[in-house]
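Dropping the structure in here first, questions after.
In order of appearance the chains are A, B, C and D, and numbering begins at 1 in each one.
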Amino acid sequence: MTLAKSRNMDEFLKNRASVAGLIVILMLITAAILADFIAPYDTDKIALKEKLKSPSWEHPMGTDQLGRDVLSRMIYGTRTTFELSILVVALTSTFGVFIGIIAGYFRGVIDEILMRLIDVLLAFPSIILALVIIGALGPGMINTIVAISLVGWLFYARVARATTLSIREKEYIEGARAMGCSDGYICLRYVLPNCLPPIIVLMTLNLGSVILSIAALGYLGLGAQPPTPEWGSMLNEGREYLRDCPWLCVFPGLMIMLAVLAFNFIGDGLRDAIDPRQMVIK
Amino acid sequence: MASMRGVSFMLEVQGLKKTFTSGLVSKRSVKAVDGISFNIADGETFGLVGESGCGKTTVGRLVLRLIEPTEGKVIFNSIDVLKLNKKALRKLRPQMQIIFQDPESSLHPRMKIGDIIAEPLKLYNLVPKANREKKVLELIDMVGLQPEHVNRFPHELSGGQSQRVVLARVLALGPRFIVADEPTSSLDVSVQAQILSLMNTVQEEFHFSCLFISHDLNLISRMTSSMGVMYLGKIVEAGSTKELFEEARHPYTRALMSAIPIADPQTKRKKIVLEGEMPSPMNPPSGCRFHTRCRFKEKICEKTEPQLIDLGEGHRIACHLYAAEDKRLVIRHRVTVEI
Amino acid sequence: MLNNILKRLGIFCLVLTVSTSLVFFMLHSLPGENAEVMAKYIFLGNVELNPSNEEVQLVKEKFDLDRSLLSQYYSWATNAFHGDLGRSYKTNAHVLEEILIRLPATITLALIAVLMSLLIGMPLGILAAVKQNSTTDYLCSATAVLGISMPNFWLALLLIMVFSLALKLTPTIGYGGPSHLILPVVTLGTATTAVVMRLTRSSTLEVMRQDYIRTARGKGLDHRDIMITHSLKNALIPIITMVGLEFGHLLGGAVIIETIFAWPGIGRLLIDSISARDIPVIQGTVLFITLMYMLLNFTIDILYPIFDPRIGGS
Amino acid sequence: MTLLSIEHLNSHFMTVDGIVRAVDDVSLEIGENETLGLVGESGCGKTVLALSLLRLLSENTKTDGRVIYKGRDLLKLNEKELRGVRGKEIAHIFQNPLSSLNPVLTVGFQISEPFLRHQGLKKSIANSRAVQMLGLVRIPSAPDRAKEYPHEFSGGMRQRAMIAMGLACSPSLIIADEPTRGLDVTIQAQIVELMKDLIKNSGASMLLITHDLSLAAQLCDKVAVMYSGEIVEYADIKEFFKGPAHPYARSFLESVPSRGMKPIRGISPSLINPPPGCRFHPRCDCSMDICKSVHPPLTEVKDGQHARCLLYA
């Protein structure tokens, strides 16, 4: 569209790892959307006769302890994971950026509260806090979303706040104020667009870590509950058969890693492509 | 006192103060601007000169209420600016504008030049939508840019070009008063000359008053008709630019004047090289703030703060050497200077 | 300096109070259920059975669960301050004792993992920076991304599969001699190592671009002097900050890894207590994990001016 | 006596947009005990020229030509020999002292490094020499100040510290890059006085890089004006200020506020794709048709005054 943006785009597309990541993510999303058509078997179909079959032409990834087709469950698991993680990231980023910009732009009490909240909530390892929340609310998918989101928005708020703080010192903001623009207008038209690059990078990298968190909770048996197909809980179920049926553990883990890796590659590529001086992350 | 000598003032500033406080527990406060008064006549350019950290930039922001003053009065075109509520202030904003030091960060990096210049027109609906593009092109031409610049982004322009865009946007609002805060300090001399002569041209055409803030006395002498010299948050000497350049009185002004770089190896001049550096505004010296670096320091300078007195013709000075009742000191100082 | 320490200490106490109360309120926000769980343990000794209303009521009275949350928190906090974290619902053991027995196991695991990540991550990061854009650099960087993306619980299973089950080189799970440490430490330290390496690389590259490195060259110093005196100290600054933050991830990771390797640390205690809804134990464990994390960061904050004279000087 | 002679020096580097010809066939001489001012506006290549003398540019820069110092070509020395020259024979005072001083090392230590490296002094002795140097550049209570870090210094003092570092090993040539930029006028005046004294006392030669003609007027014996990577005028300082020969040099001088503040129209050309012929012709008031195609050589206009302009060819 513009010289700056197209050059960023070129820079991004030149990064082979990032492009590969993008392709992987697009494939996974397609699989998630078209799961009903692609998956060879019904995920819930229990066929005890077929249980714990090693990979074959019929079942490319084998079958699990209840005789369900692992490949089909993996495909539906993609859907679960992407639904959850995109929902979490959409919620947290919107809310976090909103609060972050307000705190950074107006400073004062809101900023003070936000800063202390960040101090307090980030004083725990985030997975521990998620565990506590699930401990209070009980296991389940909704609670997983709540547990991850409750802390997750803070990362966005922190980055948005830091970026806003540096933007508000820019003279074009003062110029806009001198021109008589209202604060709301300035936040929307001036601060937000200039905040976005680091936020977009953060979103990409965050998608990866949210997927990891969801899988970790699933693995601990605190996230998605059986029989819902989910990568983490599939790993958990397969763990008992580690010695004799390693495919039950290998494939779900591989998928998690692939998805996270892809998001990390995209995030790194974006970060390198966007002017590094604009970045305030870390 | 809108007209003291029959001159109507566009801007009157009286006893302007700003104290910045920081720290929640152990409050530290800095008196960045400490009681400043000056007037700017209609169409006139007033220069404010001083070294970095003297508070001159803050004055520019205070006058426009981009920073809220702690105390004082700012009367613009007979309107008491500091008494206005938010809404009334917004209505007044288009009439009082500012040009910043750093052209690169003065422009929204993700907006096209055309949109940047059109924004004020849209905001205040100054020009009907159909004519906006024409008006933008007019402004672009006026500041010496080409029509093709409309579709460019700020980072594609040079510093001088960016400053032209800033000027075009300011002019779009039709202001009566402009604060120019070191508008050329990040530009090369040849570009500086371009921008300043452009400013002179548009000032004649649009007839606005200007507060010209700079550290460069050469520019002040070229751009302004009257001026004030600031040191640590206070005006130490003010008057017509001509008079101050011909006969500066305050020891600080004299030192500044003698330190003006002259681009000629033949001109030999007795230089007054000030010793030491400006003290921190967090902890300003007692009495006269300049006494730590002043060659004519007396006992009184350490204890009592000199008041700004009028030497006539609007030449004001804050220095114990010129305390009206003590003529002896005045004479002594003159003698010292002549040697 | 002293002022700075006092200020940090103040923030430390504040954050500790707010965070523990937050956890407390969260865990006690469903008072009925809470009493129910306790009644299950006390009267029935089994989570599967449902207690009668009288039993639940009795528990509420006995443990003052009808009082306001604030006063409940107050008594918990005062007791905690005196070293009494209450008793486990499930086992009736003193929570503090339970934690103290398990603490060394977790600390050993975490410290060795941090040490490993620094010892491997930093030299590799510097190597990658010095040989920027070489094959070595790309190899290091790719491995690092892989390390960050690998779910630690999966890595654990893979390592068990290969080294314990297939090659039989290490014990599968459990706690004992140094050989038991290998797999858990490797699993736990991998991500941190990768993060340290990436950061070391980028901060070294950043420092090498600075003007003062050119000044050092202009003085006639050789590469070794420049690396050791001029660049390393600057490059360390972001790494130190990061190690503090990364320690949190490490503790989080420890929770999962201890569960997998049956490592008797407080992470496993936390998971067990969460699935048993054993609230005093959850509360106590979280307190200790937070305390460990904050203490480390507190120490780093205090030591920071040694590495960066620009911070906290005046 | 010539101390340093630069012959046909080129410094080019690659960017995404193309090859930047920052220094293009530059030849200059600096005599013993002489101060040469290299003046020009931002982006004319003057800093790159200064950095290429001691080969301090990044690795993607290609430098060729000859830089003869006391009979040796600096561009042909190996790393080790070059390190012996840097900071000992030729010192470089970099611009922007805040970023050029290492933030985590004390100022005293940074000044003592040349002593440690080139004179092999013991740490304690090098340290006391550093304190002496700080005193020499008129920093009050030098022993205490030496223990402080750069951020505790004011802008003027940092500049003094940079000068002290440069002068440490009594070099025969000092390359000073914008030593007064960003300083207040009263502080600039102090630095200028200091440099005048130090140069006079040490008998060193200096290459002064600056955008500020008035600074050159105060410190230099000779001046070279650079435009778009080339030297366009080279003259004795007095001759130059009497009347520059090259139209750009003349316009440049006239654009200085105390000299009339007459603007030069247009913008500086890019170093990637400079105009053909004379690089100044699109902005020149005296431009002729031939200027568009013929690249003018540097010719002697009168005694010692050289200009790169077809008016004199």
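Structure notes:
Heads up, the rule we're going with is that a contact is a pair of C-beta atoms (placed from the backbone, for glycine too) under 8 Å apart; a residue touches a chain by one contact, two chains touch by 3 or more.
The model shown is predicted, which means the values in this text are computed figures rather than measured ones.
By the document's definition of touch, common neighbours of subunit B and subunit C comprise A, D.
Put simply, the C-alpha centre of subunit B and that of subunit D have 33 angstrom between them.
If you average the CA atoms of subunit A and of subunit C, the two centres end up 21 Å from each other. Our note on geometry: subunit A versus subunit D, Cα centroid distance of 52 Å, whole angstroms.
In subunit B, no residue touches at least two other chains. Among the residues of subunit D, none is found touching two or more other chains. In subunit A, no residue touches two or more other chains. Contacts between chains close into a ring here, every chain touching precisely two others. All chain pairs that touch, listed by label, are A-B, A-C, B-D, C-D. Residues 51, 54, 56, 80, 83-88, 91-92, 94, 96, 99-105, 110, 113-114, 117-118, 149, 151-152, 165 of subunit D are the ones that touch subunit C when the two sit in their complex. The touching residues of subunit B, when paired with subunit D in their complex, are 51-52, 158, 160-161, 188-194, 196-197, 215-219, 221-222, 255-256, 258-266, 271, 273-275, 277-278.
Of all the residues in subunit C, the ones that touch subunit A in their complex are 11, 14-16, 18-19, 22-23, 26-27, 29-30, 142, 145-146, 148-154, 157-158, 160-161, 165, 238, 242, 248-253, 255-256, 259, 270-271, 273-275, 277, 282, 286, 289-290, 293-294. Touching subunit B in their complex are the following residues of subunit D: 41-42, 154, 156-157, 184-190, 193, 211-215, 217-218, 220, 237-238, 241, 251-253, 255-259, 261-265, 267-268. Those residues of subunit C that touch subunit D in the complex are listed here as 210-212, 214-222, 225, 229-230, 233-234, 237, 307-310, 313.
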